[in-house]
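The data blocks that follow each hold one structure.
In the two complexes that follow, chain A is the common piece, with chain B as its partner first and chain C second.
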Partner chain A sequence: MATLATQFKAALTRIEPKVDADNAAEAHKLVTAVLKADGRLKKLGISTFLIGSYGRQVSIKRVKDVDMFVRLEEATDSLRPGEILDHVNDVLEDAFPDQVARQHRSVMIEFPDFDLSVDVVIARPCVDHPTEHWQIPEKVEEDGRANWIETNPVKMSELTTEANDDFLLSGSGVYVPLVKLIRQIRRTWVDEQPGGYYFEVLTYHAFQDLEPHKNTVAGYLCIILREIADRLPDYVTDGPDDPTLDERTITTKATQEQIEAAAERITEAAQLAEDALKEEDICASALKWQELLGKTQQTDEPEFVFALPEACNADGTEKPTGALVKGAPAVPAGRDRYA
Partner chain B sequence: MNMFSADLDRWREELPTLGFTDDGERLRGPVQWVEPARPDQPPTVFTAQVEIMPGATFPFAPPMVRLLDSGGPLEITFHINADNTLCLWEDDWSVDDAPWLDPRKLLDRIADWLQKTAAGWPDDDSCDLERYLDQEDDGPRMVIYNATRLLPNQAAQTEGGPEIIYIADRARRTGNIVNGRRRNRKDRRLAWVADIGSVVQPIRSWDDLAASLGTHAAEVSRLIKIRVITVILLRYTRGEADAALALRVRPNGAGIRISACESADTSRSTRTTRAGSARTALTDIPIAIVGCGAIGSFTAELLFRSGARILTLVDPERLRPGNVVRHFADLRHIGWPKPHAVLDCLSAIDPQVDAVTVTHSRLSTLDEATDLVLENRIVLDATGSGRTSSLLATAVNRLGVGPDHTVVSVCVQRDGHVLRVDRMPLRPGESYLPPLPALEHASQLRERGCGAPISPTPPGAVVAAAELALRVVIDEVTAERKLPATVADVRKPQDQPPFDVIGWITSDHPRRAAS
Partner chain C sequence: MNDLDQVLQVAAEVTSMIAAAAEAAHPRETGGVLLGWWLDERVMVYHAVEVPDPDASQGSWVRDYDTAQVALQEALGDQGHPWLGYVGDWHSHPANFGASSQDLTSIQHASNQYDQPLVLLVHLADGLVEAVVTASANHPLIRGLIPDSPERETT
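Moving on, here comes the complex of A and B:
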């Protein structure tokens, strides 16, 4: 069995969006300052919160967009989605000329210098559950009429934190690293749909249902990936349960065919992971892990996420010997020397 | 790139099979250990949880190991570092043979550490109390003391500082020292000396220290708080070993802060401990060194470092700047008589040079040579002078083998390519190696104002020749007498046998190369 913990740690570092994270924080700061300076939004009790994979710290590079949840805590059910989105659009357009685009449900601000965009999502307290949930606009028509749809992205952040505190490896949370690895595997093995959040939810359910205890990242990855592969065919018509809202399921743009194709590919990936773990030869194992995790995507110079150990050739064979040879003394005179 | 990373990868793979978790940095897992049996109770097995981190020094040094949970009752005492990593191996190992390369041996060692901790480290004599204390945070300090002159339970003045603090021999009464402007300026920066005997657990705080000071603790505390005492020197024992712990002490808001300083004893026994096994034999033997040039100066130094103290240094010359590059003395001694310069250098190694005599004159007559041989057990001829060597050889040969007097003649030849030492007189059945014939070519090196050519012998050959002479002298004074009449070290083969092979040749084995 080869678990290659050092290489997994390096792989996680390699998909970490360090530069993007700094840029995203700066962009978030700029947008928040503009919105909080507006008198009308102030009166509506504006409070911003980063959501999405970046907000939950489960994003992998590159991060192209950052979702910003703009809670209007004092808003009532009389607030019309189209009209408030227009207002937010105007406020942002004044501050970021030619960078702003009104979308169906949100306002997007491009930051060309950072090569990323911030998607501002307006939310009001849920009419039915005002103390727990939020509502965001559904598709807004040209006349400003639209429905509000219930959501609770803040809850997903809380669940992520809890799961990372519950499942530990050597004293540190292992859930977040696993979500990142699963996201990377999705990028490598699945065509565009289903998306990263869909797989994140599948990972969450796998952890909650299995309550796994493994002693390496490799061990966790095998068991979680197999669980996702086994479950995916069940979601051809309805997505997995939404952990943030009772009796709701995750929706996806993926067609049935795309979900079936994804299930097939993830089954292949799970088998590859299990083969890699069973492999006694660390180089043969590492080559399989490398195939599983693929290369970094949307980066200038794609690189393998999983680097082979230095003992290994690129084809997965082992180099002749390690540096340490038993019985070949590095100190010819032996012990008990003084210099 | 770490060339050992492949080995590290393989090393890590075994620990998960032993129940360890591995996040790529920290390995955490169980170690079983047995509590020592108590009367009428069987041994109890506990399972500790440890964290192992192979740091940047691994595998040349052991991995860092921290105890997360002992699994049973355990009072941590000795052999743990200030950062809470376990001190598992005090001895160093060659990396190819290090026991921590085998994870099972590592875990066995941790279990052994836990068991010994539970047993109170019986028979342990590691004197390392400084390990358990904070080190100085405003720069390292060293406390120097003379162990033979300090009396316990009293204060002594200090000198020097701030980096090197000497505890002086002068004791100070402290009973009447009070705080305030009228305090004597000398009543500052005092050291308190205490002897706390055998220690059973490390000192980690002022409270631990106060407990070991016994009835003196209150007075010492008072003096620290008014900033009279700034250093404490604790003498203690562990097992059969004596040791000292130097502490810097300062009042702070919460009480008294203590931190460890490096310390060292200046007593003669400590300063001569490293002199070698011949020290005792050399101490009372009178030795004369005739010729205090390059080889003579270094031989004098080596003999002095090795324990010789009754020395006579003879040379008629003064030290020239050009001599210094291969002489024991340095540029400060330019113009000094060479034997005086050597004496000055010896006194920097050990001030006890009262039995060293210097003669700034040439050995010219047979009577002078005979007197010198009679007055000394060994006369080392390091002159390279045909006349002086002849005088000494004649003198010792006239006295014969019976009297216990020996002349050892040392030189380098062929520009340092051959080092040679001859012992006189010959013992029955002995002979010398043949002489190397003189070559016709002469050195082209000249120093302005100095008519004689200069030997191009390099400094390394000079030091090597001095060491060879030292070995012959020690062989003689220790009465081992394993070395024959001539010992030569051929550093570059010469045309003339037996000097045509590299290595040691002797008059007993002229064709054997040592290598």
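Moving on, here comes the complex of A and C:
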């Protein structure tokens, strides 16, 4: 059984958005400073929080946008979303001229030097659950009116941390690395929709329901991927349960056909992962893992996420050894004492 | 290039892993197996694995076949290197002395089961690592401090 822990460790490093993370942190700092300096937002009790995959530390290379949740803790239900978004837009436009774009329910600031954008989402305390949940504009009409929709993105960050503490591999959290690998597999095997968050939630449910205990990344990946493949067909009409809100399901832009297509593709991917794990030949196994994880996406020079071992050819065969003698497949018989 | 260099090459990761395991086990001995291959009469040591001995003491560590074989197979699966296999043993000496006569006897005894020479690495209390390469058709038993060590002695 080729578990290839060394190669998986390198693969996780290869999809880690190190530079993007540094840039995202800097962009977040710049935007927060501007918003917190504004008198009106101060009075509304502004408090910022990074949400989205970057905020939960489950993002993979590349990170193109960072979601920033701007909580207005003192806001009441009389707050007009259109009007406050206009205000936030103006504040940001003054600080970042020609970089700001007003969206339907948020304000986006482009940072061309970083090649990423920050999406500012305004939130007010939820009317029904003011101490726990928040409401964001669903869509702001031209007259400033909007429907508010309940949300609780902070909860997903908490659940992510808890899951990573609960599921361990060699003493370290394995949930977050698995979400990253599943996100990479989605990018490789699924056409556009459903998106990365949808698969993150599926991964979360798979961990919670199976409570797996494996001793390798490869073992975890096989069991989680198979569970996602088995569950996806159940979500053709309604998405998986939203772990952050009771009696709500995850919505997606994906059509029924896209969900069905994704289910077929992930089933293929799960089979490939199982074949890779069973394969005794290291190079042949590594080639299967490489196909499963594909290449880095949206990068200047896409590279295979899973590198083949140095002793393997690109076609999954082993390089000729020549004068080399491989190490012995077995330790000495019996017991030898050292003192 | 001295005698030891001609017959042995040890990856830096190996000595750092052994040092960490020795420190964690102190004041008891610990040990394990070495993974690598043979090339042009040299033993290439690429990776080290700890093999727990529940009866290890301040002066003894024993390699048990069943436990060591499981550790070797897991490491081979994890490492993903088709050339890797067993090439020798390592253990720690909490007291500051080098390879003992018992050590030399044990590694030479183990070596008799293979066509190629084996390596024994001994982590000493002062952080140095002594290497022993067993006798073969091409050379007698060779021992000395491995290249990471500040002082080197070969016999």
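Note that the second predicted complex is superposed on the first by the 320 of 339 C-alpha atoms of A that agree within 3 Å, B and C clash if a C-alpha of one lies under 4 Å from a C-alpha of the other, contacts with A are read in each partner's own complex, and residues count from 1 in each chain.
Everything that follows uses one rule, which is that contacts are C-beta pairs under 8 Å (C-beta built on N, C-alpha and C of every residue); 3 or more make two chains touch, one makes a residue touch a chain.
Just so we're clear, the structure is a prediction, and the values are computed from it rather than from any experiment.
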Using the touch definition from the top, say if A:Ser170 reaches chain B (first), chain C (second), both or neither.
first
- [ ] Considering only the touch criterion stated at the top, classify A:Thr216 as touching first (chain B), second (chain C), both, or neither.
- [x] both
Query = Once the shared chain is lined up, is A:Val127 touching chain B (first), chain C (second), both, or neither of them?
reply = neither
Name the contact category of A:Ala25: first (chain B only), second (chain C only), both, or neither. neither
| request: Please indicate which partner A:Val331 is in contact with in the superposed arrangement: first for chain B, second for chain C, both, or neither. | output: both
One more residue to check, A:Ala33. First (chain B), second (chain C), both or neither?
neither
So in the superposed three-chain picture, is A:Leu4 touching just chain B, just chain C, both, or none of them (first/second/both/neither)? both
So the chain A residues that chain B and chain C both touch are 1-7, 216, 282, 309-311, 323-331, 334-335
Counting only contacts in the complex, chain A reaches chain B at residues 1-10, 12, 169-172, 174, 215-217, 219, 282, 309-311, 319, 322-331, 334-335
The chain C residues in contact with chain A across the complex are 29, 31, 33, 35-40, 59-65, 68-69, 72, 74, 76-87, 89, 91, 100, 102-103, 106-107, 109-110, 113-114, 116, 120, 122
Note: in the complex, chain B contacts chain A through residues 1-10, 12-13, 16-17, 19-29, 51, 59, 91-97, 101
Interface with chain C, chain A side, in the complex: residues 1-7, 216, 281-283, 285-286, 309-312, 318, 321, 323-339
